[in-house]
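Note that chain A is present in both complexes that follow, paired respectively with chain B and with chain C.
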Partner chain A sequence: MIFFLQNLIDAVSLGCLYALFALSIAMIFGVARIVNFANGDLMTVGGFSLLLSGTVGSVPTLLAGFAAVIVLSLAMERFAFRKIIKAPMPTLMVMSLGVSLLIQNILLIAFGSRPKGILFAQFLTEPLRFGELRISALNVVTIAVLAVMGGGLVYVLKRTSVGVQLRAAAEDFQMARLVGVRANWVVASSFAISGVMAAASGMILALQVGTASYNLGGRAVILGFIATVLGGLGSIAGAALGGFIIGFATVMAQIFLPEAVSPFRDAFVYAAVILVLLFRPQGLFVAFGRGVRA
Partner chain B sequence: MSRLFTLLGLVIVPLLLITWVGSPWLSGVATSSLILMIMVVGLHLFSGNSGVLAFGHVAFVEIGAYACGILTIPSIAKPAIFPNLPYFLAHTTIPPQAGVLVGGVVAAIAAAILFFPLRRLNAQALSIVTLALLLIANIFFSNIRLSSSGGSVFRVPLAATLWNVVPWLLAALLLAFLFQRSRLGLRLRASREDEFAAESGGIDIGWTRLIAFVVSAAIMGVAGGLYALSIGSFSSADFYIDLTILLFAMMVVGGMRSLSGAVIGTAVISIVSNFFSKLQNGVSVGDLAFHVPSGTANVSIALCMIVVLLFRSEGLMRDLEINVADLWSKFKSN
Partner chain C sequence: MSLVLDNLGVTYGSVRAARSISLTCEPGKIVTIVGPNGAGKSSVLNAIAGASQGKVSGRISVDDVDLSGQDPEQIIRKGVALVPEGRRIFTSLSIEENLQIGTVMRRDKSAAAADVESMYDRFPALARRRKAAGGTLSGGEAQQLAIARALVSRPRYLLLDEPSLGLAPLIIAQIFDIVRALRDEGLGILLVEQNAVAAMELADVTLLMLTGELRRSSEGGSGEDIVASYFASTLVEEGGTAR
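And then the complex of A and B:
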């Protein structure tokens, strides 16, 4: 029972983290149709921002981290994507590869290739004890962060004017413009919201490994894409669910796969995702015919 | 025809110059750039014609490299390096050029098996799924227990010299050129421009993409074999995101939809990145020695990509092909 609960919590927490990655990706894809590889580097910057905690307090560190990532995300939109926003999707994808390569190597030049140790909120690495159950505090924080971010996102999308515009643009960009949604504004807000998620993801990732390095977000961004495709391109809730499923499945694979093949754990998970897509090419949570059109 | 000769001339003439100069550093750089060019041509054949970004194509380079590497290592050395090889592989050694060919064939077979079920996916999902294939290949090759050091391969004979690579490159260019002009190529480009219209016109997009994917994977596999023969030892980490981004930079800077673009883009990025790599390793001007931090070469590649995409988003060549006959007639009419 304890073993079961223990793993269930791990699975839920990893699922929540991957859902956060996926939300960050899907936010931009839903509105601007950009598959943004540079999102991983936003996460990396979020992770590096925790290095500040040595000089300033925890709260200023968090604020500075979020601010830095949001500003970088907006700058990316303004200087890299705005001019070519009408280009075909492959062009936008490749632009994001270029931006990603740029940010990653600037970080490499600035901080070197060795990971930097992070001394932020050390209590997060201590396990919480409930009887025999030991839960890492970071797992609880991860779940809480997804709950807060997800809740906030639902509120913004459903209740605010920006949210209505974002949803309209995600549904039909051209039509939304015709009824008065300002294209640049709505794309920029999707980048800003995505930045918030990326900053949170990056900080959690950095706390998990205990270090920040220039390629911190590299794997996360790819997981985010795969989750988004699994959930269905163009569906934000679907992406989050897709992320959750992949995270959950990864922990389950860890438990149930025989020892000999456990190094190949992630390969099994990806193969399973591909298998699912063969039967539902439009993704799990998108009704047929409502997916993305080129 | 003159288009093809222009393309081949574009490759051959600089190489003759490099051979004439005879600097070993230069011909080393040229060899690795040519191998990259084969990869870019392979990538262009699929992605350029179909408009589907194949993020996982490096996996086929990897398959080719492993196939060629394992088969060409002298069988005397094999039991010591790879105690875990099956008997058949442990006791066969084939000549390097045959190894390259086998690399291409194995990659093509793998591509056919993998792509067959995927052919119905839409373009965006396909891009990401091929990326997932790359991750799977990476996990697979870094965890197989080939030798005591896991999945790395070494002592591959260093048989890929500059002029050994050239025939393969010319063959790849010829193949890509013929494909571009074939009915199949035309159909694939139609599906790139408008999936729905192409389908209503009776084109089976899935099969067309499948054939292009297999041909282009064969080229990637050949390039992988040559890579193995040029570097001697390698591991799974060599065939991952970094190489993928480099190939895309080369393809896009030149112009994704143009075969001459693949050649020119590779040349431009190779020159820029090798220049900065040289600076990274340190140079001395007079008695002043200096070097730039590592990462600079990649920054230069990134800036090339961003600048080209911002100001000429279809790449330097757009969808045009260089043709010496056109240039000549323009020159005469002026």
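And then the complex of A and C:
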């Protein structure tokens, strides 16, 4: 029982982290139809921001980290994508790859290629004990972060004017403009929210691996895209659920696969993803976005 | 004080969808453009609203303010609202949210909220289902919502693209009654319709559009010559298809 609970919490925690990756990707894709590979680099910058903790303390570090990633995300929208927002998707993808490589190389110049140790909030690496049950504090934090961010996102999307505009733009971008939604404002808003998710994802990722390196977010961005496609392109809730399912399945595969093949758990998980997409190419959950661009 | 098109042209690559379109729509008047499918009617409305995917030439002005080259979100702020073909209501948003988003460009938020409420009086079918998703509405209800969404922006000119499309005759009559009432309230209405006879009964000015050009116009009345030309063009079109 303890073994099961222990692994269940690990699975939920990884699912939550992957859901955060997916939300960061889906926010931009849902509104602007940009497959933004540079999202992974926003996560990397979030991870690197934790290096500040030795000099400015924990809370200012978190605030500075979030601020830096949001500003970088907005700068990306303003200077890289705004001018070509109506361009075909391959053009936008190449732009995002270019931005990604640019950020990675700037990080390489600034920090070098060797991973930097993170000393932020070391207590998070200590396990919390509930009788025989030992839970990583970071797992609890990861679940709490998704709960807060997911709840905040639902609130923003459902209860605020910006949220209604984002949902309208995700469904029919041109019609949203015809009723007066400012295109630049709504796309920038999606980048800002995506930046918040990316910053949180990058910080958790850096804390999990204990280091920050220039390619920290590289795998995360791919996972985020897979989760977004699995959930249903254009569906923000679907992306989060897709991420959760992949993370949860990854831990479960680790537990239930025979020892000889468990190191190859990812192959089994993604084979299952391929199977699902063969039978449901539109993804598991109905997408509300239609990809109208204007 | 009017919406004026002066020598408007719309081209998609090498295809000229509309050319040499000049017309005036005044407040409190309905100008109807009738014509067969593919005549270029919707291209004209989309060009006015800033939603054209093609290249737009000529001059579009509203109350002497030049709209040429402006984005859709700027044009609605100048008092010109489009109710597009197929309604295009936001199906994932509730009726209430569809109306709220129609007020997004307004700064007088309390007056905007009052206008949203007034739409429920004007369209009781919407009032009964405020929280229902737009995607659950019938065609007639969706058309009412699309018109209401445009009206809450307080336009001076309303562009209506095929409002009767896909609706039952009884519902069409209701929609046209609404259009007539809006005209009587002082709105300038540019109406594009394939339902020529019904649209002409409504119109103060009727224009016939064929293959991208305005061919005939009629001030009020039945405009029998236009109806005859319209049906003649439709027969030619059907004959072409049959071959």
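Everything below uses one rule, namely that the second predicted complex is superposed on the first by the 286 of 294 C-alpha atoms of A that agree within 3 Å, B and C clash if a C-alpha of one lies under 4 Å from a C-alpha of the other, contacts with A are read in each partner's own complex, and residues count from 1 in each chain.
The working rule: a contact is a pair of C-beta atoms (placed from the backbone, for glycine too) under 8 Å apart; a residue touches a chain by one contact, two chains touch by 3 or more.
Small disclaimer: the values here were computed from a predicted structure and weren't measured.
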| item | value |
| --- | --- |
| Contacts of A:Ala267 with chain B and chain C, given as first, second, both or neither | first |
| Chain B versus chain C as contact partner of A:Leu278, first or second or both or neither | first |
| First (chain B), second (chain C), both or neither touched by A:Leu101 | first |
| Which superposed partner A:Leu178 touches (first chain B, second chain C, both, neither) | second |
| First (chain B), second (chain C), both or neither touched by A:Pro90 | first |
| Which superposed partner A:Ser161 touches (first chain B, second chain C, both, neither) | second |
| Residues of chain A contacting chain B in one complex and chain C in the other | 294 |
| Residues of chain A defined as touching chain C within the complex | 161, 164-165, 167-168, 171-172, 174-183, 288, 294 |
| Touching residues on chain A, where the partner in the complex is chain B | 35, 80, 83-84, 87-91, 93-95, 97-102, 104-106, 108-109, 113, 218, 222, 225-226, 228-229, 233, 263-264, 266-267, 270-271, 273-274, 277-278, 281-283, 291-292, 294 |
| Chain A-touching residues of chain C, taken from the complex the two chains share | 49-51, 53, 71-73, 76-77, 81-82, 84, 88, 90-93, 97, 100-102, 104-105, 149-150, 153 |
| Residues of chain B defined as touching chain A within the complex | 47, 51-53, 117-118, 120-125, 127-129, 131-133, 135-136, 139-140, 143, 195, 241, 245, 248-249, 252, 256, 293-296, 298-299, 301-303, 305-306, 309-310, 313-314 |
